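The next part holds the structures, each set out as structure tokens.
Next come two complexes built around chain A: one with chain B, the other with chain C.
Moving on to the complex of A and B:
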């Protein structure tokens, strides 16, 4: 199996997986979305809340804020050696703000230097005489339990294989029909500029009167797109998911 | 027993079970219960 990274930055990752199969491709996607742990606020203690939002609604909003996570120093809370919460299984935040103001995720003050919420997310608008004071506790979890612990949105597609036969008359109908504009007639020849951009919609096949063009998905090669929520780097999500999948396979083998 | 706030004169009113639901200062019959000064624990789900 081979992996080609197409593009990578701190929020998104695109790569090609070669010599795979559909079931493995989907397993990898599912592990990335729902088995890779990430921090999310789980418990909130309200000391004061005279804002226009109910405690429960505000707590729900807090839970959905992505938090930069360092997995190397954290354990799951129920697997931690401590009795009830320690710096290696939870991160605490405090929020104190008086109106008139807009409360942003930046206002959450973290006990950790590295693990902070993503800035710039508005939570609630405070009017005159309104105030919020609360303590929040973030713990590791997986999206199997709640979607707030989902580290990324992951999708994949079969690698598009576009073949143009001898019957092609260079009429240009397929060039017009293609929504991704990846077909061009150049020097009296129909060529594909970037087949990775093809979405397998087969509009070119429908447009072609000669049935000269065929588009097929290669079910052994996959193009993945990983879009992180911001809690973990996409590369880390991908590598962690491989470790988790491997661990599951080993557990199965050892129990058989 | 609880703390209330009058809907008309905005004064704080303390009522017991046997008291009529009425502001003792202005006689207004609409009272709003005020938030208690206790820490409230909520699950972020």
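Moving on to the complex of A and C:
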């Protein structure tokens, strides 16, 4: 099995997985979305809330904020050696604001220097008589338990294989039909500019009167797209998911 | 009421993009705004496009019963 990284930055990652199979490809996707641990706010203690949102609604919104996570220093709270929460299994936040104002995720003051919430998320709007004050605790978790711990949105598709046969008359009907505009007639020849951009819709096949073009998905090669919600770097999500999947396979092997 | 933090379907964060969308709305084509904000999927796009912000109306209503602090 081989991996080719197409593009990578702090929020998204695109890569090709070669010599795989559909079940493995999906297992990897599912592990990335629901089993890689990340921080999310779990407990909220309200000191004051005269805002227009109920405590529960506000707590839910707080839970959904992605928090930058350093997995090298954190444990799951129930696996930690401490009795009731310590800096190596939880991160605490405080929030205090008086209206009129919009409360943003930036207003959460973290006890950690590095683990901070994703900025710019409006939590609630306060009128001039309203105010909120609260304490929140974030812990590690996985999206298997609750979607707030989902570290990434991951999708993949079969690698598109486009073949153009001798029967092609260069009529240009498929060029018109392609929604991704990846077909061109150049120098009296029909060519594909970037097959990776193909979405396997087969509009070109329907448009072709000569049945000269075929589009098929290669079920051994996959193009992945990993879009981080902001808690972890996408590359870390991908590598961690491989470790988790390996761990599961080893556990199964050891119990057989 | 107020823009949901994440997309209901896929879980991507949409709330941090809503204010810029609102600001540019009316001056630009909504398709262009969403594309430039990096909102790719139609599940996330509908979160922003179909949202009706009622927060200000609710605050006004709520504050009638509140004492000034």
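Note that in this section the second predicted complex is superposed on the first by the 256 of 256 C-alpha atoms of A that agree within 3 Å, B and C clash if a C-alpha of one lies under 4 Å from a C-alpha of the other, contacts with A are read in each partner's own complex, and residues count from 1 in each chain.
We take it that a contact is a pair of C-beta atoms (placed from the backbone, for glycine too) under 8 Å apart; a residue touches a chain by one contact, two chains touch by 3 or more.
Every value quoted in this text rests on a predicted model; they were computed, and no experiment measured them.
**Q** In the superposed arrangement, which partner chain does A:50 touch: chain B (first), chain C (second), both, or neither?
**A** both
**Q** Looking at A:140 after the superposition, I want to know if it touches chain B, chain C, both of them or none. Which is it: first, second, both, neither?
**A** Neither: A:140 stays clear of chain B and chain C.
**Q** Let me test your reading of the model: by the given contact rule, A:66 touches which partner, first (chain B), second (chain C), both or neither?
**A** second
**Q** Does chain B (first) or chain C (second) touch A:125, or do both, or does neither?
**A** second
**Q** Need the overlap of the two footprints on chain A, from chain B and from chain C, as residue ranges.
**A** Residues 50 of chain A touch both chain B and chain C.
**Q** Using the touch definition from the top, list the residues of chain A that touch chain C in their complex.
**A** By the definition above, chain A touches chain C via 33, 50, 52-53, 61, 64-66, 98, 105, 118-122, 124-131, 143, 147, 150, 153, 227, 229-230.
**Q** Can you tell me which positions in chain A touch chain B when the two form their complex?
**A** 40-47, 49-50, 55-56, 59-60, 62-63, 136, 146, 148
**Q** For the complex, give me every residue of chain B touching chain A.
**A** 35, 39-45
**Q** Taking the complex as given, what residues does chain C use to touch chain A?
**A** 1-3, 5-6, 10-13, 15-16, 18-19, 55-56, 58-60, 62-63, 66-69
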